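This is the structure, below, for whatever I ask next.
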Amino acid sequence: MKRWSVILAAIALSVALILAILELGPAGIDLRLPVAENMASSGVTHPVTAVLLNFRGYDTLLEVAVLLIALFGILAVGMEPLPSLVKPADPMLQRLARFACPLVIVAGVYLLWAGAFRPGGAFQAGALLAAAIVLLHLSGLWPGWGTPSWRQRLLLSGGFAVFLAVSVAMMGFGALLEYPQAYAGLLILLIESGLTLSLAAILAGLFLFLSRDTGGNP
Amino acid sequence: MGDPGSLAAWLIVLPLVWGSSSFVFFGKQAAWTAIAGLAVQTALSFHLAAILMESGPGVHRVGGWGAPLGIDLAVDGLSAALLILTQTVTLTLAIYARTYFLHDESKYRHFWSLTGFLIAGMNALFVSADLFNLYVTLEIIGLAAVGLVAMGGGVNQIAAALRYLFATLLGSGAYLLGVALIYGAYGTVSLETLTPLIANHVPRVVWFAAGLMLVGLMLKTALFPFHYWLPPAHSGAAAPVSALLSALVVKASFYLIMRLWIETFAPLNVGYAWLPASLGAAAILWGSWKAIRADRIKMLIAYSTVAQLGYLFLVFPLLPGLKAAQVIVMQIYAHGLAKAAMFAAAGVLVKATGHDTMSGLAGTAGRLPLTLFSFGLAGTTLMGLPPSSGFLSKWQLIDAALADGQWPLVVIVLAGGLLAAVYVFRILSFAFLLPPTNEKIAPIPRSLEWTAFVLAGASVVLGLRGVELIGLLIPWGAG
Amino acid sequence: MISVSLSFDLLLAGALLWSAWRTLAARRIDLAIVMFIVFGLLMTIAWTRLRAPDIGLAEAAIGAGLTGALLLDALGAIRRKKSPSKDNA
Amino acid sequence: MINSSLVFTITGIVLFAMGAAAVIMMNNLLRRILAFNLMGSGIFLVLVGLAQRQDAVDPVPQAMVLTGIVVAVAATALALALVRKLHALSGRLDLPRRDNG
């Protein structure tokens, strides 16, 4: 009964929404114009990066806060250490991981640098670095994380702290995140570099704190 | 940092600073850092309100771009009222929590960082003027609250946290789809830019978008029948967390509904007002009934929250209007203060008797008179007895409803008050009338009892000083 | 007359819906997770069709990659936890 | 005139409805997490697709979706942590039908 009413509601919603969007005329406001007009003063040349770290940089600041909250939540839940995997990691996999990791790191740094003028940026770069760490972990070369030391905690929250500090410092120029035009590019690169490191640590942490598989004996 | 906009920005930044620093430097000083930060925030929020009364609403253009390209923060009397409530209640609860968690420090060490981020998210929500930015603040609040419920890690907490998590994710999903449709229809998510556009023309898809956002936010506010996740989450969490969640967190998503429906979505109110109002009436009756039948103290208080949230939605047919906004703000204050006091008092009772059942209360009145007195004071606010702030909010609601010819609302309000009296007296009768069965009553730090009393006292005293609070909303009504 | 690119889009949309359906309807949970990762990779293609390469990169790395790894790891942990208790029973 | 943006917008709407219905109906918590992610992907498709229905690239919704993807992975990780803990404590992968209140 409940099942069928949910299914019917879902179908009705889809049909109604599809019909409604098909009759929709053009939007009254086109944000591509102001984005294009202000690109020159944004400090980067790639529009998505300009929106992400300048025009709507405040969203991004809060989004990093969301990631940190998930991390706090995972740590607060307190995972118990698991019995370790039965078979030790495959030496073939280890060789592959050792070979792939430098490549992934280079690719990550490239993405970070490329974000200023073409697709890429801190999030993709951080995710790639995190993937490298997860790969090392899965091949038994990187232990899972238990309770983080204060150094680890500094690394995890450092990118956010840099972002927050820059945002607040800019209040001296008028408002949160109001970069002076001449330094916008530099400040964005500073924020993105910090974010890349911390995002790599957080995203890998989401995995490694959860995994809690210390790699050795249980 | 003299203008309201910059003050609002500081209210978002400060809790992020102490929240993340208490993550890096765990330990005893984490609590004190949080309390110091909250004290500064409280002062700033009052300062903000004072400036607002003189100079009117303020705007902070983040990044200096201005909407619709950038994101604006907008502060008016309504947001200032909620900022003050949030900072003061959290400050008091932080003092309570420091003592409450003193002996379980390692288990609850993430309380401070999660609370910091939670408060930052709430402050950000109260002042954001951008639909997508509001989505991010909703996620901050939702995930931080889920983390707080799960903290401690017992089976019941984890199950309650999961139920809460799926409810909040489903709610923000529906909200975000609404935002996506609105961006598609108008090309902007800035409230300031949207308001004239929506007043001018409403394509059909925008009706659906508003409906999705309303349902999503009602789910997050635990309006009946979407309340199923609230009682386990609010009753299962540690007492300071229950107090934060019941007093403040559910009000955040409600505030957003109200913010949208009195301004930007006001042209859509005609079609939707009856739905929240009738659900609100059902919430009052159902929540009170479940509270009367509850056999655990914190479950009773949690169901009382379900009922009290109903009053907020009851006001919808009277919107938009200054009077209705005043009723809502007074009810948010009355319930916020009273419910924080009740959960704080319940925390004392649970700590003292060692369990959470109603029968365990037998004879506690003689041992913990101040706590039971606080509970009773908070109870008068929930019942709406004079001179409490609860009386003021319900009396204003009746007054406004009669002026508008909406007499069914009056019946519901009166019935709700009677039902509240039944469940409040149920607790008091266990505590006062039954002979003590439990000889072991653990010693309780005085500061726990006193913070509960301060909150309960504030909920009553506010009834005598309601004029100032209501006055804060007048610049909003004029502007 | 449907152009080549539009028919590719329709095919891709169909594949997206099919993989989503399989994710939800698969009897075995491990197959559901694998179908979800397939769905993530199809999403990556859809983002390039929508000329959103930034999202495509993020989807591949985070949506399909990290989320998939998290899900598989959780499943592994749950199975590892389950098997000893089964032996006892 | 139907174009690729509209095709993916419609796909997104159906994905949202499927995902949301499954989040409500399913009992297995891992499946509900999968359904939540499908629902999220659907929303992201609508956000970008509908904004670009005139066939012009719009960087603003694209940046919003990047934000949304990161939020979704954060929520997924937290949900998985809770599910794993629940399983470790109680051995079950679903929520009890009715709470004991």
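Each chain carries a letter (A, B, C and D) given by its place in the written order, and its residues are counted from 1.
Heads up, the rule we're going with is that a contact is a pair of C-beta atoms (placed from the backbone, for glycine too) under 8 Å apart; a residue touches a chain by one contact, two chains touch by 3 or more.
Everything quoted here is computed from the prediction, not taken from an experiment.
K.L.:
Which chains does chain A share as contact partners with chain C?
P.N.:
Per touch definition, common to chain A and chain C: D.
K.L.:
Please compute the C-alpha centroid of chain B, do the same for chain C, then give the distance between them in whole Å.
P.N.:
38
K.L.:
Provide the C-alpha centroid distance between chain C and chain D, rounded to the nearest whole angstrom.
P.N.:
12
K.L.:
How many angstrom between the C-alpha centroids of chain D and chain B?
P.N.:
27
K.L.:
Between chain A and chain D, what's the gap in Å when you average each chain's C-alpha atoms?
P.N.:
17
K.L.:
So which bits of chain C are touching at least two other chains?
P.N.:
Touching at least two other chains: 54, 58, 62, 66, 70, 74, 77, 81.
K.L.:
Would you mind listing the residues of chain D that make contact with two or more other chains?
P.N.:
Residues 9-10, 14, 16, 18-20, 24, 50-51, 53, 57, 60, 62, 64, 66-67, 70-71, 73-75, 77-78, 80, 82-85, 88.
K.L.:
Going by the touch rule set out above, which residues of chain A reach two or more other chains?
P.N.:
17, 21, 24, 27, 31, 35, 48, 55-56, 59, 63, 66, 69-70, 73, 77-78, 123, 203, 206-207, 210
K.L.:
Which pairs of chains touch each other in this structure?
P.N.:
Going through each pair of chains, those in contact are A-B, A-C, A-D, B-D, C-D.
K.L.:
What does chain A use to touch chain B in their complex?
P.N.:
16-17, 20-21, 23-25, 27-31, 34-35, 38, 54-59, 62-63, 65-66, 68-70, 72-73, 75-78, 150, 153-154, 156-157, 160-161, 164, 167-168, 171, 173-179
K.L.:
So in the complex, the part of chain D that touches chain C is made up of which residues?
P.N.:
2-5, 7-8, 10-11, 14-15, 18-19, 22, 26, 28, 30-31, 33-35, 37-38, 41, 44-45, 48-49, 52, 57, 62, 65-66, 69-70, 72-73, 76-77, 80, 83-84, 87-88, 91, 93
K.L.:
Residue numbers of chain C touching chain D in their complex, please.
P.N.:
Chain C residues touching chain D: 5-6, 9-10, 13, 16-17, 20-21, 23-24, 29, 32-33, 36, 39, 43, 46-47, 49-52, 54-55, 58-59, 62-63, 66-67, 70-71, 74-75, 77-78, 81-82, 85.
K.L.:
Which of the residues in chain D end up touching chain A in this complex?
P.N.:
Result: residues 6, 9-10, 13-14, 16-18, 20-21, 24-25, 50-51, 53-54, 56-60, 62-64, 66-67, 70-71, 73-75, 77-78, 80-82, 84-85, 88 of chain D touch chain A.
K.L.:
Report the residues of chain A in contact with chain C in the complex, numbered from low to high.
P.N.:
48-49, 82-83, 85, 111, 119-121, 123-124, 127-128, 130-131, 134, 138, 203, 206-207, 210-211, 213
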